[in-house]
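Everything on this sheet refers to the single structure shown next.
By written order: A, B, C and D. Residues from 1 in each chain.
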Amino acid sequence: MAKKIPVAILGASGYTGAELVRLLYNHPHAEIISLAAETNAGKEMAEVYPHLRALDLPKITTLPEVKWNEIQAVFCCLPHAASQEIIAQLPRNLRIIDLSADFRIYDGATYEKWYGHPHKALGLQKEAVYGLSEIYRAAIKNARLVANPGCYPTSALLPLVPLMNSGKISLDGIIIDAKSGVTGAGRKALQENLFAEINEDVRAYSVGGHRHVAEIEQTLSAAALGTKVTVTFTPQVVPMNRGILSTIYLKMVPGIVAAELKEILELQYENELFVKIMPMGHAPSTREVKGANHCFINVFEDRSPGRAIIVSVIDNLVKGASGQAVQNFNIMFGFPEDTGLNQVAVFP
Amino acid sequence: MAKKIPVAILGASGYTGAELVRLLYNHPHAEIISLAAETNAGKEMAEVYPHLRALDLPKITTLPEVKWNEIQAVFCCLPHAASQEIIAQLPRNLRIIDLSADFRIYDGATYEKWYGHPHKALGLQKEAVYGLSEIYRAAIKNARLVANPGCYPTSALLPLVPLMNSGKISLDGIIIDAKSGVTGAGRKALQENLFAEINEDVRAYSVGGHRHVAEIEQTLSAAALGTKVTVTFTPQVVPMNRGILSTIYLKMVPGIVAAELKEILELQYENELFVKIMPMGHAPSTREVKGANHCFINVFEDRSPGRAIIVSVIDNLVKGASGQAVQNFNIMFGFPEDTGLNQVAVFP
Amino acid sequence: MAKKIPVAILGASGYTGAELVRLLYNHPHAEIISLAAETNAGKEMAEVYPHLRALDLPKITTLPEVKWNEIQAVFCCLPHAASQEIIAQLPRNLRIIDLSADFRIYDGATYEKWYGHPHKALGLQKEAVYGLSEIYRAAIKNARLVANPGCYPTSALLPLVPLMNSGKISLDGIIIDAKSGVTGAGRKALQENLFAEINEDVRAYSVGGHRHVAEIEQTLSAAALGTKVTVTFTPQVVPMNRGILSTIYLKMVPGIVAAELKEILELQYENELFVKIMPMGHAPSTREVKGANHCFINVFEDRSPGRAIIVSVIDNLVKGASGQAVQNFNIMFGFPEDTGLNQVAVFP
Amino acid sequence: MAKKIPVAILGASGYTGAELVRLLYNHPHAEIISLAAETNAGKEMAEVYPHLRALDLPKITTLPEVKWNEIQAVFCCLPHAASQEIIAQLPRNLRIIDLSADFRIYDGATYEKWYGHPHKALGLQKEAVYGLSEIYRAAIKNARLVANPGCYPTSALLPLVPLMNSGKISLDGIIIDAKSGVTGAGRKALQENLFAEINEDVRAYSVGGHRHVAEIEQTLSAAALGTKVTVTFTPQVVPMNRGILSTIYLKMVPGIVAAELKEILELQYENELFVKIMPMGHAPSTREVKGANHCFINVFEDRSPGRAIIVSVIDNLVKGASGQAVQNFNIMFGFPEDTGLNQVAVFP
């Protein structure tokens, strides 16, 4: 058996860190050597996440205590802004998958506009590869630094990039109405995310301008061969832990019908392990992908002539974060893409 | 004190029937004389709905057992199709608020197209008044038969009708993405609505063609002075009991900005008790109206130029059904519109 | 109509404060004159609780800004320990209903043992009346300071006190296994109460020694004519907003059967508006009392000979807190006990 | 690699059937050859459970269509009563793990008392081994027919059997107060299990006499060396999909303290992979075992002298059903006990 790649998880006490532990613990070619997290340094992982108690895991350390020389790959789950500072200081021989937003935007000015401060590692920003696995597989393979996509963008771009490439859809008027479980907001103690505040509620937020728009538009504009694409994007929180359902409204180029869009996606993804186009008429729902690295997609003809509706679902913590990170790890190190990612969805 | 209007609730064992009991029980000018429901006839209401045990209510009877000669107003919560047959046989002196879809569509052919069978009471269909209280108040006042609007349409039409009237928005490209609690599906034992199927799930259904489109388009086309309006409408079920949040995407007439749309709505609803336009930047969420007869609305400028986003929330069982029914009852009988409807929203 | 009693709510930005607003807003004999809360002073109540936006409420002030000379009754929802300091300084002419734990324990040493510090207002502690409305109605009527009972104790004591009085149950071996919604923990931003932590979880806490044991035992010991009663009490949090279900395990005095216990409770509560004994075999559940001031109780024969099981449910924010507080207000000021408390339970 | 054991799942369209698919699909020594289910025969599993769409599974067939001669092991998820009739007709060479209640009770009269009809396969009933893996491992190894324990009994017996064996606890007065997620009730369309009925509710049922008492008492009586043990057991449903938390109240033999009970359990389970005794003071909660085959247990000293409280949690669909079934399969066929059962708990 191949030697295991020794990995570190930085920011291990957030939800994406814990999810990486779940996915990597049984990965045949990865071994978790270090778990680092500032506030919880010194604790056992089981004190922070009691569901991991039965596992044999290293103690959480501070960042400086990580044994950098023993490690080959780093999963970075630190908050954005912090991430760029830490990663800039890591040894150059490490291969890094960054789950923050810090390296997703190629352009310094665009980054600054959406994130409110100048980027502190512009060189790395240019080096980074956007880790939408099925689309940028070739570049990811050789990347030293992969910027793991946001959860909302993953759910929207997997159907939209091939369609944009095809030239069969209108560049304007794309609307992405996304519904997310609460874990997308992380584990920080915020009043607005208390159980009693989220339960029995649906809320929209950042209406008209959420940060994830930046990476969606950057990627779609590239797919449109450089024509700037502007999208409408509304994120909403629904009372569940995991899952994103994106309902996407499109205008088609004259003469095109929804069935043709579906064919494009079927062709694009026919050999993919994780992206599946649903049978005629079935609208996928988030429970179908819970705990698994899948993206399930379907295309519907709208009754407004010339319009199509796409429904796309992922688990925000898996394909929308830690699962795609492991997939990118597999691509980077030459393992079959589903290594360690064969978990069956957990339903009910 | 004014004499109380004796009322009957037909179809009392569904969720809208139980909600009518909640709202009418303390209504100072209404008295529940009869509760009718086929399957549960002979039972006490407390056997069907144990949360009503402390109330002094009549026993559930069959429809023929209702003392029609003692009753002045009927709330009809029967399933559609059944409703039109029953209502056609009721004494002409009764004033009726029908919560089914049966009398919402004025046109026989349109009804047949969406509901799959010819209407059996076309004359009544023409007589019926669409009970969107704030918009059709004058007609409701004198109506014998009020067709209480659907829950989704109520949440969408309250913001859209005044805007359509104003001529400031484009007639085409209106998209209504709605998220609903599960009670909208009623109390029928369906596998798909079991707790374990709905919990931790968001699902879209009837994508590209839900029946409620018919009444939305009928009403918007009237507001557009007869120009046929076609909308895109996607309903979605989220894991909560009550509430609808509609996210509405609009194109504005050139030169118009979102703030002007908001002003139109503020002007339209400034004296209304139940429809409230939110302060700048606040996206209302469903918990804010739970248990109350409110519709909370806000308008946002989209970052796509020329586009606006509206967020509108109601409790589907109150303003979306039984609450609006009581409001219509108040209008019909000349009581102040909020009589019996002063319940404060229940949060958390 | 009687003049309205001007009231203040101190600690208005917690859940019990908001619930008092819901219940008092339509109370025909109370008027909310002041809302005070340290952290949110200066804000409109609608900024803190958007579901109250449609109400006409005073702005939140600091405590010193309350117009004490205009007020007759105070509802105090401050945290325990803070409450005793504030109340000690209030004008003597005010009648006070304290929802904290501060004045529930008559004995200074017992208070100190459970709450970890000496009581700072021992005189008031002795003056206070324990506000279990149905049991101590006469004393509440004349009290200046009422200590509103805890939520768990209310659910347990309403069935247990009459049984203890009757001498038909064993003093030892009483076990109270309670399941509560999350609002019992308040609105403080704690990681452990985030939606994603509570959802899909049941947890026990303070196993073997929760503070509410003190007031349960104090009250039961009084009912046992001074014999010290020790109970076993386990609180558990379940993923819902409101409601407490207490399952109570009892040994009966030899020769007694469960039906006799039920008769005792039926006799005790036959004229009560809020406490209802269920029909044979029906185990009440929390949804039956959600939003209402009820306590629903039933008694079951256990298959272990000589044992009975009681199931008792309340809404922790209503009968377990703010509703019982309003009930006590009504008793203190001579209004019918259900004034302002006729809300029908909200289901679903 | 060892040849895979070909297995059939009968009753594949229930929740335990789908969970077996999740656990067996990646099992290195099992291969699902047949899926049978009466009502859904002829369908793809993905039509019944869309979360299994990405898997390569056989089509669902009727029972007679199962290729019995190709199969070595059968997992039977049929409803009780049906199960005994089917199993009685299966070829004698098959090894069977029955997840129904049919073969859990050794005594015909006891079975008839609790299940309301005479057992139709009394011979098999005597042959069957009760499949509480950690307790009856040796007998399971050689069994042809294993009766997989009920979910509630598993959570209660894992802590209670060793304590009963030890003679350190009182035989009488054992109280098991259990809280379960809804999947324990299966996928049948019942009004009482609709989302809107379960959400925001806790309910007790079968108070004083649930069928699972029979297997609990049978097993505890055996552990008490034949002295008949009678327990009090109250099941409760809480609004979540998965998980059981049992709070168990015990009296200890004079002179014993809770720490000694804990030591007994630590000793008993120190080498077990799935049963873990928690560190001092930590009350395990259901989210800690969700999706995993664990049972987490802790023991607490009660403040009532001589009493201890045990908290025990499992995932009702895993250790409480399909996971324990796979564990028993591993024992029966000589595989390491955690083969295919290394899933990390899924949190949040």
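Throughout what follows, contacts are C-beta pairs under 8 Å (C-beta built on N, C-alpha and C of every residue); 3 or more make two chains touch, one makes a residue touch a chain.
Treat the numbers as computed from the prediction; the structure is a model and nothing was measured.
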Label of the chain whose CA centroid is most distant from the centroid of chain C: A
Contact-richer chain pair [B-C vs C-D]: C-D
Separation of mean Cα positions, chain D and chain B [Å, integer]: 46
For chain C paired with chain D, centre-to-centre distance based on mean C-alpha positions, whole Å: 39
Rounded Å distance between chain B and chain C, as computed from the means of their C-alpha atoms: 36
Per-residue multi-chain contacts in chain B, two or more chains: 15, 181, 183, 196-197, 199-200, 239-242, 285, 287, 290, 348
Of chain A, residues touching chain B in the complex: 172-173, 175, 177, 179, 181, 196-197, 199-205, 207-209, 213, 230-232, 234, 236, 238-243, 245, 247, 249, 283, 285-287, 290, 300-305, 307, 309, 311, 348
Complex interface listing, chain B residues touching chain C: 15, 18, 21-22, 25-26, 49-55, 183, 200, 241-242, 273, 276, 278, 282, 284-285, 287-292, 294, 296, 342-348
Touching residues on chain D, where the partner in the complex is chain B: 15, 181-183, 187-191, 193-200, 239-241
